[in-house]
Each structure stands twice: as C-alpha cells, then as structure tokens.
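The next part holds the structures, each set out as structure tokens.
Heads up, the next two complexes both have chain A, just with different partners, chain B and then chain C.
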Partner chain A sequence: MGVIEGEKRQFMTGNEVVAWAALAAGAKAMFGYPITPQNEIMHYWTRMAPEYGLKFLQTEDELSAGFATLGGALAGTITFCATAGPGNVLMQEPISMAEMMRVPAVWVIQQRGGPSTATVIYSQQETRLTCLGGNGEGLRIVYSTASHQDMFDYVIKAFWAAWKFRFPAFVLGDGYQAKMREPVTIYDPEGAGVELPVAAPILKPSGVPSVDREPVHMRNTFNIEEELMDVLMEHIRDYSEMAPQIVESEKYLCEDAEILVVAHGIVWRSAKEAVLGLRERGVSAGAFRPITLRPFPEDDLRAAARTAELIVVAESAYGQLESMVRDRLYRIQVPIKGILKPGVGITAEEIVEGVTQLAEMSRSEG
Partner chain B sequence: MGNQRCCLGRTVEAFVGEYASGKTEVSINRALALNRQNRRVVLLDLDTEEPVYTVRTVRPLLEQRGLEVVSLESHMVFGLGEAGVPVTEEMVTVLRLPGDVVIDVGYGVHGAAALNLIDGLEDEPSLTVYCVINAKRPMTSTPERVARYLEELDPCHKIVNNTNLGRETTREVILDGVEIVTQASRISGKPVAAVSVDARIADDLGLDRMDLGAPLWRLELFMTGKPKL
Partner chain C sequence: MIFELADKGLRPKAWRSETKPHRFCPGCGHGIILKGLADVIDELGIHELGVFACDIGCSLLSWDFFNLDSVQTHHGRTVPVVVGLKKVRPDLTVVAYVGDGGGYSIGLQHLISSAVRNDPVTVVLANNTLYAMTGGQMAPTTLSGQKTSTTPYGRSIEETGPPFMGPEIVSAAASDSAYVARGSVTRFPELKQILKKALLNQMLRSSFSFVEFLSSCPTNWRTKPADTLKFVNEDMARTFPLKEHRVPKDLS
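Right after this comes the complex of A and B.
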C-alpha cells in the first residue's frame, strides 16, 4: 500500500500538494536551495522526512542542488528539486547535463517575477526558460498546471515520464498556485491505476562490467563535432518518438469558436471564465490550453483554431507563450494578438475587456 | 506593570496553528464577537511568518466595524516576508492599550514564538492561547497528528476546531472534524473551545441544531480574495 490510503479530499496549498505528490510517486530524496515562492515544498518534505524515511539536503546553491538531484538519480534513487526565478536560471546547467546524459529527474518550478530577483510573488515569465533554457535543444518535458489537482496529478506523471523516457521533466507552476489554498483529492497512485516511475542504479547497475553487462559510459563531453551530432540526433529522434505519447491539451467550447483564447497555467482559469462572459455578450468564444508546453500540442492547437477568426493569447509575460503559438501556427491566415501582462495576474474580466477591444481593432484593420 | 490595573476583567486571546488552518478568519470573528458585546477590542496582526493573507489587508473594513487594528502598513512588508518582517513598538506594547486584545499569530512553531515579543504577555492572567485545527489539512488529519501538533505548539490552552474544505464543506466534513478533534482532545487533554464554521454553510447544514460537542462559532469570511469595500 502507498503512503496515502485510498483517496481523500484535503484542504491544501500548492506547495504542500507538490510535496505529497512527490511522496506518493515514490520519490525518496529532495535536494534544494531556498527561494520563494517554493520554500514550503522543502519545508513539507522535511516535515514528512522522519515519518517516511526520506532524505533532504540543502546544498550551498542552486547549481549544487541541481547536480545533486542528478547524482541521486544516477545512484538509483527517485529524486527531485524545486526552485523559482533566478534559481531556475542557475539550474539550467545541471538540467542541460541531464539532457545530454539522459538522466531522469523532476523539477518543480513555482514562477516568480523576472528578470532577475524582481518579485517573489508570481509571473509566467519562466515559460521560455523552462522549455528551452540551457545550451541545447530543449529536450525536456514541461507540464503547466492550472489547479492543485493538476499539481498532484502532473507531479506524479512527471516522475513517470522522466524515468520512462529519460528526459528531465518539469512541472511549471507559479507563486499563486504555490500559496493559494483549495480542496484537492490526494490518492494512492498505484490504487488508482496510475503508472509510477521505476528506478534502478544508472551509473553502477548490478553485475560485473564487461562480464555480466556492458560497461556504463555516460558522457557530457565529446572530442569532435560529428561525434556530438550523432549522439544528439539519436536523442532528438527519441524525443520526437516520445512526443505523441506525452502531449496533452485541453479545449473549452472551441467547436464553433470565432475567437480563440489561448492561455496556460493559472491564467487558464480566467480564460475559461472569460469565454463564458464573452458568450453571454453574444461572442462565440472558445479557449485552448497547452498542458504540455514541451513537447507542444501543435496539432491540437491547429484543430482548436479551425473556426477561429481571431486568436488572443493571454499570459502573465510579454509574449513568451504568444511566440510559441505563432511559431506553431505558422502560415495561419488569422490575426494573433496578445493580452500580455508581465509579472501580473490576469482576471477573467480583463480578458473579456481585452478580447472585445482586440476584436474591434481587428475588424477595423479588416 | 499597569496591565491588570488598567484592564481588569479584560480578555486576551491568541490564535496559533498550522499553515492555512484559518487562524485569521477565526481571530477576526472572535474580535468582532467581543465587540458586539460592547467591549473595546484591539485586534493585533502578529503574522511574522508570511504576512500576506493577514488582517492588514482587510483593516479598513474591520475599523469600520469598530475594531481597533494594530498591524503593519503594506509598504512595510517586503514580498512574502521571507526577508524578515518588522515588528513595531505599537505591536510589542499592545497590552498597554485598554480593552480586550485578540492576537492573530503567524503559522507554526516559529509563528507562535513571536508571542514572546509581546511585552507583559507572560504575566497576563487572562491570556488564552487557542490552537486552530483544520482536520482536512494533511498534517493535522488524524487524532494522533493533531495531538502531536498541539504538543509542538505548546503553550496552547484550548482547541478551535475549524475543519473545512472551503466552499466544498459538507456535513460529513464537519462531522469528520468533530470526531478527529474530539479524539485529539482526549489524547492531549486540551479542551475543544468551539467548532468554527462559515456562517452560510452552518445555516445551510442546520448546524446550530446539531450536537457538535462544543459551541458553534459562526464565521463571517473576510479573507476571500475579493475586496469587501
């Protein structure tokens, strides 16, 4: 039996949900360095540690925390890490190493304002960084959550995906989700038929090298360009093959939508409410949410935009999601506009107002 | 000091407890309840842990209702309080003010430790420290966990059972809470002072006609995120 008996409805903050989900998924160690607004993930993990025999190490900085997380995975332990903002920037180096060496690990990002230290509170400004940071090709899985239930479900899924496909996996939350409190169903994943990660020592599996098994040779450095490209092309092929098994999205009243609102994360909640508000005003609006930002659900987006005459991207950043949407809808004959509020939350009323104005502008542009 | 002389028969109450257990809502409502008995009431916002979901944010509304509120100004708080929170002289000397004093304390053991900063509190004969428990919070979800938590938070004199699932609170949720907290009370020897419930939910469920094992405190919710002014 798992650490959670059956399923139960609880009243929790997002950070607590993350800690419980990691525990339920079978994680045994967390490495971290304090940064708001993710601190309570570490606090709750350490509070649970004595009872469930968990490990925690606060390292000297985020670089070390990131590398320690990979070390834990190499040793055969299910490990994870949580950070935000400047910490997320620093962790891109260990995350790049995970991409290069195909080390599984889970990162939970609770976005805060940026650039730099900015605010400790909220934003969606780590969208691009989390998807494409590091000095590589963005070979990673990124789930963007919109509720505490998502947090619980996708943290567990991220562990499964990371260990199954051997790419680093992210759960992209934000300060609002971290701190707000709402009811959530926590459950024993095994009992619910949810797949769990299977871990074994990666660097030093059992058996004698060259006798019982091939020697393990993991590399993040190469002598010549072509050698690197051969390895990378294999990773890129694996990633492309994985993508259809990973991509997820959500549609809301898109079937006849002339105006399509695209949003991810917590802004999705406002987007859905805004669609209802717009429909009350006689505007046939719908909404689309990429749940995986990497790989991006581009076929789903194109299908959702089928009847659209205007696409409006709403995000708490200045065009990070918007540029992904433009890229994926290349050559679409429909204007793509943005309601862009870097570092600030977006209400349903603001989306209704913004969409109404943009629709008018778009009509007059003709 | 002059505390006893100036304020004989006063009530001094502090509300401590787990993160997001409902301390602020309970404190505000307790202060308003005392105020309705025509008592002069000072409500002190002593959340030094995460001064965001605090009394301060609804201060004008509470002042309109006749409470005297002692709190920081928003410009004195940086971020979510992780860089430290100032404590003012007015806060430290709150017991020198006439009337009842209700103190909303920050979460956890560290939050409760801030009570040590209040001048004269250890000699205050009328002090009652209540621990607010929501048995739908995972860290206080069984009688044993609640009892352990009460021990960690010592000194705490009485329990306020604030078990809820927000808007999803049902009769079963309340009854579950009563069972868990009653057992925890037996284990810990700390009495349950009240069962606090959102007034609208209490009315819908007809809780005033039910035996909850302790008095019902009907809460008017203030920390809903929607401005009341």
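Right after this comes the complex of A and C.
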C-alpha cells in the first residue's frame, strides 16, 4: 500500500500538494534552497521526512541543490528539486548536465516575476527559461499546471516520465498555485492505476567494475565536435520518438471556434471562463491549452485552430507562449494576436474585453 | 618500457589499462596524484563501493582513468554531485577531484559549505597555480609576481589579492572531525599517506576530508623538467606550506 490510503479529498496549498505528490510517486530525496514561492515544498517535505524515511539537504545555493539532485538520481534514488525565478536561472546549469548525461530528475518551478528578482507572487515569465534554458537543445519535459489537481497528477507523471525516458522533467506552476488553497483529491497512484517511476542505479549498478562488468563512466566531455554531435543526435532522436507518448493538451469548445484563445497554466482557467462569456455575446470562441510546453502539442494546436479566423494568446508574460504558438503555426493564414501582461494575472473579463477589441481590429485590418 | 612493467602486475588494479597512457601532458602532476589514488584504492579495497567524480579543466581528462564508476561535471559542482550520491548511498566511498579554479574560485561555496556541514566526502584538489586547460590564466593560487596569460607582467597582489590558501581556509571552516592537509606530487609516499587518511576519514568516521596537492604544469609554466621540480619544491612550497591542518585524533 502507498503512503496515501485510497483517495482523500483535501483543502491545501499547491506547495503542500507537490510534497504529497512527490511522496506518493516514490520520491525519497529532495535537495533545495530557499526561494519564494516554492519554500513550503521543502517545509512539508522535511516535516514528512522522519515518518517516511525521506532525505533532505538544504544546500548552499541552487547550483548545489541541482547538482546534488543529479547525484541522488545517479545513485538510483528518485530525487527532486524545487525552485523559482533567479533560482531557476542558476538551476539551468545542472539541468543542462542532466539533459546531456540523460540523468532523470524532477524540478518543480513555481514561477515568480522577473527579470532578475522582481515580485514573488505570480508570473508566467519562466516559460521560455524552463523549456529552453541552458546551453543545450531543450531536451526536457515540461508540464504546465492549471489547478491543484493538475499539480498532484502531473508531479507524479513527471517522475514517471523522467525515469522512463531519462530526460529532466518539470512541473511549471506559479506563486498563485503554490500559495493558495483549493480542493484537491490526493490518492494512492498504484491503486488508481497510475504508472510510477522505476529507478535503477546509473552509477553503481550491481557488480564490481571491470571484474563483473565494465565501469560506468558518465561524462560530458568529448574529444571532437563530431563525437558530441553523434551523442546529441541520439538524444534528439530519442526525444523525438518520445514526444508523441508525452504531449498533452486540452481543448474547450474548439469544434466551431472562429476565435481560438490559447493559454497555459492558471491563465487557462480564465480562458475557459472567457470562452463562455464570449459565447454569451454571440462570439463562437474556443480555447486551447498546451499541457506539455516541451514537447509542444503542435498537431493538437493545428487541429484546434482548424476553423479559427483569429488566434489570441493570453499569458502573464510578454510573448513567451505566443512565440511558441507562432512557431508551431508557421504559415497559417490567420492573424495571431496577444493579450500579454508580463508578471500579472489575467481575468476572464480581461480576456473577453481583449478578444472583443482584437477581433474588431482584425476585422478593420481585414 | 613502463607499460611492460605495469603489465607484470606493477600497475594498480584500480588503474584502467585500456585508457593508458593517460591524456595528461608530459610532466603534469595529475598523473602522479591519480596514480597515488589508484594505489590507495587498491590498498583499501574500495573498487566495488568507490565512486570517482572529476571536474572541468584538466581534471576532466581523468573521467575514464579508473576501474571505478565515475562521473564528470564542471565548475566545482563535482562536490555537490558526490554529496548527493553520498546522501542517498551512505555505503559508497566518494571522491571529488577538482582543480584550483573549480575548488577555490567558481565552486568555492560548495567546498566551504561541504566542509562546514562535515559531509562524509573526500575532496582532492590539484593546485598548479593557474587555469591550465583554458590557456594558463591567473588562478586564485597564482603566486605573487607569477606570469600567466592574464597577468603577463606578473600577478599583482595589490590588484588581485594574495594566493588563496586552500587548506588553511577550509580547515578554519571545517569541524574537528575533518581531515585537511596539503601535500605535493614531488613527495609521493606522503601523498599516498594523505590520500589514505582522506579516504579513511570518510569510510570509518563518516567525516569530511579535503586535501590539496601542489602539482606541476610545465606546459603553461613553460619550464624544463628541472625547473618544473624547482618551481614546485621551492617557489610553490614557500607560499604553500606542506602540512596537515586537521587530523582527527583517532586517525593519526
């Protein structure tokens, strides 16, 4: 039996949900460094630690937390890390190594405003950084959550995906989701038929190196550029093969939508509400949400945009999702506009108003 | 010749023959430190439970040096990687092998913090007074007046501060349980004794060890063999005294 018996209805903060989900997924170690708004993940984890035999180390910085996370994962323990903002910037260094060495690990990112430090409550400005940060090719899995239920479900899924495909996996939340309380059903994943990660030691599998088996030599150094490219092309091929098994999206009233609102994370909740508001005004609107931002559900997006005459991206950043959408809809003969509010939340009413104005502008541009 | 001798059983078992000769320049001190480490790994019998981790710069050339599972990283992050390994697998014996740039400059926070926490890990640092792999730039350990590619007229202490005294500073931060010492590649029997204590302090006492070795870089120093030895034994040793800074009572 898992750590949660059956199903339990709870009213808790997103950070608490993350700690429970990590525990339910079988995580045994966390490394972290204080930064708002993810701190309570560490608080809950350390409180749970004695009861469940969990490991934790508060490191000297995020670089150390990230690299120690990789050490734990290399040793075959399901390990994770959580951070935000400038911590996410530092975290890109260990994450790049995880990508290249194919070390599985999970990062929970509770976004905050930027650049640099800024506000701590809410933002979607770490979208691009989380998807594509580091000196590499963005070989990561990024789930963007819109509710506490998502937090619980996708934290568990992120552990599964990271260990199954050996790419670093992220759950991209934000300060609202981290700090607010809302109802959530936490459950024993095994009982619910949810797949769990299976971890094996990458370093120190059984046997004496060079006696029973070859030594494992993990490295990120190559003698020539072509050698690097060969290794990387293999990773890229694996990533491409994985993508169809990972991509997820959600559609809302898209079948006949002339206006398609695209949003991720918590803005998705406003987008859905806005679609109803627009429909009340006689506008046939629909909404599309990429759940995975990396890999991006581009086929789903194209299908959702089939009947669209205008696409509006709503996000709490200045065009980070919008540029992804534009890229994926290259050559589409439909205007793509944005309701872009960097670092600020977006209400359904704002989307209704914004879409109405953009639709008028679009008609007059004709 | 030397390889024929080695094949007659004179080469340490921990030394991976398939990757020899190693990749270091002639006259480099890394090979001596790693040979000493291989001997000590043999002596302590830790092939099965040992993990070797190396850093960026010349130290990374040791990524496949041993018949040991190993991992290579960069910028002194080798220390948190082995801290993470050790946290979840306390039965392992872990060694982080770094240079003076990784250990004393870009990754100093990791080294110092690990010492403060008394993490049960062993950190081995090669001090060759400069960044060798990148072309011989000034390092925290560059001697006063020493010419490097970024101090072409000699290191100015007024502008850049004095050479970084690694074991002295780490031992000030470390606990009484820690083993902290400085040795030299020109004193091989002592080097092995130091490495042995540094590993035993982790294995038997679950405590932190940090050891620095004065090492040689004739390629960047542009020295002939005799001058290379002289630089280590005289110039470097004058600034960096060979000494055990912290020896737990039951380890000496």
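Definition applied: the second predicted complex is superposed on the first by the 361 of 366 C-alpha atoms of A that agree within 3 Å, B and C clash if a C-alpha of one lies under 4 Å from a C-alpha of the other, contacts with A are read in each partner's own complex, and residues count from 1 in each chain.
We take it that a residue touches a chain if its C-beta (ideal position, glycine included) is under 8 Å from a C-beta of that chain, and two chains touch if they have at least 3 such contacts.
Worth saying up front: this structure is predicted, and the values here are computed from it rather than measured.
J.: Mind checking the superposed model to see whether chain B and chain C fit together on chain A or clash?
T.: Verdict on chain A: chain B and chain C fit.
J.: Mind working out whether A:47 is in touch with chain B, chain C, both or neither, as first, second, both or neither?
T.: Only chain B; A:47 stays clear of chain C.
J.: Check the residue A:182 against both partner chains and state whether it touches chain B (first), chain C (second), both, or neither.
T.: A:182 contacts chain B only, not chain C.
J.: Touch check for A:9: first (chain B), second (chain C), both, or neither?
T.: After superposition on chain A, A:9 lies in contact with chain B alone.
J.: With both structures superposed on the shared chain, find the angle between the C-alpha centres of chain B and chain C as seen from the C-alpha centre of chain A, to the nearest 10 degrees.
T.: Computed from the C-alpha centres, it is 100 degrees.
J.: Pick one for A:164: touches chain B only (first), chain C only (second), both, or neither.
T.: The answer is neither, since A:164 touches no partner chain.
J.: Who touches more of chain A, chain B or chain C?
T.: Here the partner covering more residues of chain A is C.
J.: After the superposition on A, what does A:70 contact: first (chain B), second (chain C), both or neither?
T.: second
J.: After superposition on the shared chain, which partner residues are touched by A:204: those of chain B (first), chain C (second), both, or neither?
T.: second
J.: Which of the two partners, first being chain B and second being chain C, lies in contact with A:102: first, second, both, or neither?
T.: Touch status of A:102: no partner.
J.: In the overlay, answer first, second, both or neither for which of chain B and chain C A:57 touches.
T.: second
J.: Looking at chain B versus chain C in the superposed three-chain picture, what is their shortest Cα distance in Å?
T.: 23
J.: Find the residues of chain A that appear in the contact set with chain B and again in the contact set with chain C.
T.: The overlap between the chain B and chain C interfaces on chain A is empty, containing no residue.
J.: Spell out the part of chain A that touches chain C in their complex, as residue ranges.
T.: 28-29, 31, 55, 57, 59-61, 63-77, 79, 93-94, 97, 101, 203-204, 208-211, 215-221
J.: Chain A touches which residues of chain C in the complex?
T.: Per the touch definition, chain C meets chain A at residues 16, 47-49, 51, 56, 60, 63-64, 66-75, 77, 79-89, 92, 109-110, 112-113.
J.: Which of the residues in chain A end up touching chain B in this complex?
T.: Spelled out, the residues of chain A in touch with chain B are 8-13, 16, 20, 36-37, 39-40, 44, 47, 119-121, 179, 181-183, 186.
J.: Which residues of chain B touch chain A in their complex?
T.: Contacts found on chain B: 19-20, 50, 52, 79-80, 82, 134, 136-139, 141, 164-166, 168, 173.
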